[in-house]
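Going by the order they are written in, the chains are A, B, C and D; count residues from 1 in each one.
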Amino acid sequence: MAEVKIGIIGTGVMGSDHAAILAEGVANARLTAVQDLSRERAIAVGEASGARVFAGADELIADPDIDAVMVCSPDETHAALALKAIAAGKPVLVEKPLAAGIEDAEAIISAETNAGRRLVQVGFMRRFDPGFREMKHTLQSGELGHALFLHCIHRNAVAPDYLTSDLVIANSAGHEFDIARFLLDEEIASAFVTSPPPTRNAPNRQPQFILLRTASGVVIDIEVFTDAQYGYDVRAELVCEDGTVSLDPSPHTMLRAKGHDGFRTPPDWRPRFRQAYRAQLEAWTSGILTGQPTGASAWDGFMAMQVTKACLQAWRSGERVAVPQHEKPDSY
Amino acid sequence: MAEVKIGIIGTGVMGSDHAAILAEGVANARLTAVQDLSRERAIAVGEASGARVFAGADELIADPDIDAVMVCSPDETHAALALKAIAAGKPVLVEKPLAAGIEDAEAIISAETNAGRRLVQVGFMRRFDPGFREMKHTLQSGELGHALFLHCIHRNAVAPDYLTSDLVIANSAGHEFDIARFLLDEEIASAFVTSPPPTRNAPNRQPQFILLRTASGVVIDIEVFTDAQYGYDVRAELVCEDGTVSLDPSPHTMLRAKGHDGFRTPPDWRPRFRQAYRAQLEAWTSGILTGQPTGASAWDGFMAMQVTKACLQAWRSGERVAVPQHEKPDSY
Amino acid sequence: MAEVKIGIIGTGVMGSDHAAILAEGVANARLTAVQDLSRERAIAVGEASGARVFAGADELIADPDIDAVMVCSPDETHAALALKAIAAGKPVLVEKPLAAGIEDAEAIISAETNAGRRLVQVGFMRRFDPGFREMKHTLQSGELGHALFLHCIHRNAVAPDYLTSDLVIANSAGHEFDIARFLLDEEIASAFVTSPPPTRNAPNRQPQFILLRTASGVVIDIEVFTDAQYGYDVRAELVCEDGTVSLDPSPHTMLRAKGHDGFRTPPDWRPRFRQAYRAQLEAWTSGILTGQPTGASAWDGFMAMQVTKACLQAWRSGERVAVPQHEKPDSY
Amino acid sequence: MAEVKIGIIGTGVMGSDHAAILAEGVANARLTAVQDLSRERAIAVGEASGARVFAGADELIADPDIDAVMVCSPDETHAALALKAIAAGKPVLVEKPLAAGIEDAEAIISAETNAGRRLVQVGFMRRFDPGFREMKHTLQSGELGHALFLHCIHRNAVAPDYLTSDLVIANSAGHEFDIARFLLDEEIASAFVTSPPPTRNAPNRQPQFILLRTASGVVIDIEVFTDAQYGYDVRAELVCEDGTVSLDPSPHTMLRAKGHDGFRTPPDWRPRFRQAYRAQLEAWTSGILTGQPTGASAWDGFMAMQVTKACLQAWRSGERVAVPQHEKPDSY
């Protein structure tokens, strides 16, 4: 089987993490190029992985020796870089969100539709997490009947100061919007948001409680609490007519020490979703080679943004807000 | 220490369950009388426990050999019987709800206030469950900071045919309304309700999702699903600024058999709350002897009814509804 | 129902704990007398519970106002006090071990047999723990077939300095010897003991690993580790032909805080077995009133001592040692 | 990086499982050849994976287009094939046991020592299981102090009829012998074996209880129960001076359905150790490319066989048996 030569644009937290996974060895994939506004940062990653360091993103995208591109740069740059990759006819994995604005996301969908083939994948890596996959598999098997409720919890230990209440919704909850659509295989119809006051640990933002309803009536509730102190914790329970299936957050080992029996919570999302990030890379490169993409599409990225927008309106108004529905192009 | 001689009015599911616990032996308590509209049913319980069988509730309440009364008869009869017990100056434990209508509840509060001492306790037995008590103790200790979210789940395996969507809110969710007030020590300010469609197992009612907010801003969400098939399941997680405390639903032993590892879910609420029912009886009789009641008061019963009413309005309107706030009489 | 008036001899850790439980209220039981070599200690407990303070154990046993006696004094005094209670025709609950030497235990069995009725119960409270009872119930139900293995763990957080390797076997493991006989309903046939070196936290004693085999061939292994640091922990898994049943050590609530998800381990055995101690008192007094004792008999206490003796020989010799078998008198 | 071209000898359960994992994509590895005594079976695997089918094992080993060999054929053939691979200078991964007899294992060690480099790896895949690796990491970190006990459980749902009590020890327990040496980083010094009677489900063999002691005094107990009915279950708890670390057997999701709360136990070892098998292949090929092998060596395979032999003697004699200690050649 051939090998996909990958270039990474943006070697911050996410970009360097992807580079580290590629360096460990991913079947059929090789990291050959990196680029970052901070050349120093790009060089560090390049040296660790043996990848060439490019001065600019455009050169990297254009280089004939690069088969596929990962966009891990700041959110505002996602759309422009994705469009360039499409123009170059190269598969591109864009970290979420797909774009900073809805219009940009629409432009990507148009460009991809015109290109006549799926080139864009959005980095909703939870779709490759074994737990979420088992949940979906259980629902699809039909053994538990239809879905009724999806309870979601998204907790970070700490968050940066710049994170506002708006960004808790716009940034942190995005993964839940996508995974709900993925699990339930339908669109979100409406949103309602309420929230407790800020905590002593983060006086400048409020934890959020988001209540969604799908077209068929499934109720989805999401706690997003970015300052939970004790660790990173993502939970979900899917309640169906004849039973429920839920994520098991426990790691490979349990510890009894210092007056506690249980396990240590991870400090951030990277250890929790390591396996998902790796499987996402394997599936992406394998999809490139076979021509059958399996990850989140530009359409998925666009719909997650529509839900985000409705949630922000709901949060500001205190009212239930309808999520605009669009006809999905045939290509998705 | 003296002994409290107890008469039970209504020997259906709840009444006969209380009688069985009393027969096992509760410190300072003795079941001496029972009464039921079905004399046959009363005789069965009376014979099993050695209690006298009364033909009518009024005679039982009036009998000088009876110190305290438990009202376990149908909901519509609660208020009238409670008022008679107050008139007779006898402590009365009324199964929830306190009354069938708000006005009746107010009449009980007036009568008790006029009587000059606490005579009424409402059978919110969860307040005596070791798990809920530990949750409250943890919150009160201050080690986790203020409360932010309270996630509640209330599932029954199956429910009777007569249960409508309205009754799912009015009947099943009542325990959550009270325990939220108990845990958080404040009143519920507003309610919002949404719900998925009926399930194939119960086409005539919808599971419910209730979203409450307290005066200080704590967000409480309650899934009430009366047809969960797999068993009776009550869960709760209290999310605070520095950590969370949650109920552990696992029983005393775990089982590995027939392809499963875990535990058997109880068929209904009685095994789950056996210890709570017993502790409630112990606390009630001990409170009678010491003159210091510790259970849910008539005021608590009244406030739970106010929340119920707001939830029913919210469910019908699809809007957020404010819960009317009342000044608590000094006696509570 | 009548009331059992109880006198406690020995108000150290165990005696004062029993007194506290009786003071909370145990059906049909009342603490009326206490005695201790330290008169000060006896007075403290007496004042807290309203019990009379006796100067000597003999007077307490002889007092006509005392129906039943609890022996919680040092091990060496157990046998003599039990014999006096038997002579006085009074039921007696002796803390384990039944006696300090095998001959003394035999004397108690003779005296009780001559008395013509069961007067002695040994304080193996685990027989009243809901978890162990469920394990036994599951085995007896036959649903899992015959027992094959019983894995036991007995860990203390810390132990006093005077505890030697011998005492780890003679003192700490006694509860496991009894509960194994109780669960399996048969006698222990042989013992083998091996052990790791002392730990840095307790250089003067070794943790122990005890391997027993019952008459029918069930294999019982017991880890006894009195210096486990993290907390008090008793575990057991009963492995049967078609599945296993095990104790669930988790408490009523779980905690997520400070980088941990799980629960706090109790510092010692009292919170863990609080419910068992209470149920033991209820069963003991109820057995006295009905004349049908249900707890561990003098015979059980004697057989636990036989196993202890064999284990000590096995530990010293490094060989497998047979446990002497005796014919059980008809009265047991 | 270069690619390792792999040939599999023996395409039964294990061989075809390895082939399936390689077909999914393992970094730097490609399955290029298969061989089996049953040509039909070899062709089935060859067609599914695009590998050439060889008529004989010798040809496969000799083929210049094959870089490394996996020996998955019957136990009796392991040694001869491993020796041929060594003679051909090719890395070889031999499924456990390394050889059918101790002398054969010694011959392999001699041959490899003469070859002057590590060519042999034994398929003790548990060394690559994330849970066992975390256990070892926790021990090595020193945070819990020295090891005292290692409790191991190895249960199969069902076993083939030909499995005798001897084979329960010789075959099933082998993984525990190796993982104990791996975790504790020292040799096993003695063995003692006892066992309950056969079960109704497998009347021709006994479950086994194996008690080992390491050179430094760590006590290792192993339950090996090949007919546990409910599923495949491997558990381990490592008890150290200041706490314990144990495997968490729960999978990625939990299920509440049909009266149960918990998870489904896997039917056999393949789903349980899927990740370990894959990581083993990744580490093996990566070790071939870098010249730094990380898996179990021929020496490890030899020592596991020594422990097996001692356990069989202990089982037959009922006595404690010393495990012969050998000086480890410098090359290991």
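Here is the rule we use: a residue touches a chain if its C-beta (ideal position, glycine included) is under 8 Å from a C-beta of that chain, and two chains touch if they have at least 3 such contacts.
Just so it is clear, the model here is predicted, and its values are computed rather than measured.
Minimum number of contact steps separating subunit B from subunit C: 1.
When every chain is reduced to the mean of its CA atoms, the largest separation from subunit D belongs to B. Pairs A-D and B-D differ in how many C-beta pairs touch across them, and the larger number is found at A-D. Distance from the subunit A centre to the subunit B centre is 43 Å, each centre being the mean of its Cα atoms. Put simply, the C-alpha centre of subunit B and that of subunit D have 56 angstrom between them.
Per-chain Cα centroids separate subunit A from subunit D by 37 Å. Within subunit D, the positions touching two or more other chains are listed as 228-230, 242-244, 250, 254, 256-258, 263. The touching residues of subunit D, counted against subunit A in their complex, run 1, 24-28, 30, 129-131, 133-135, 138, 143-144, 242-248, 250-258, 263, 282, 286. Within the complex, the subunit D residues that touch subunit B are 228-231, 233, 249-250, 254, 256-265, 267.
Remark: subunit D residues 145-146, 148-149, 151, 192, 194-197, 199-201, 207, 209, 211, 213, 216-219, 221, 223, 225, 227-230, 239, 241-244, 318, 320 touch subunit C in the complex.
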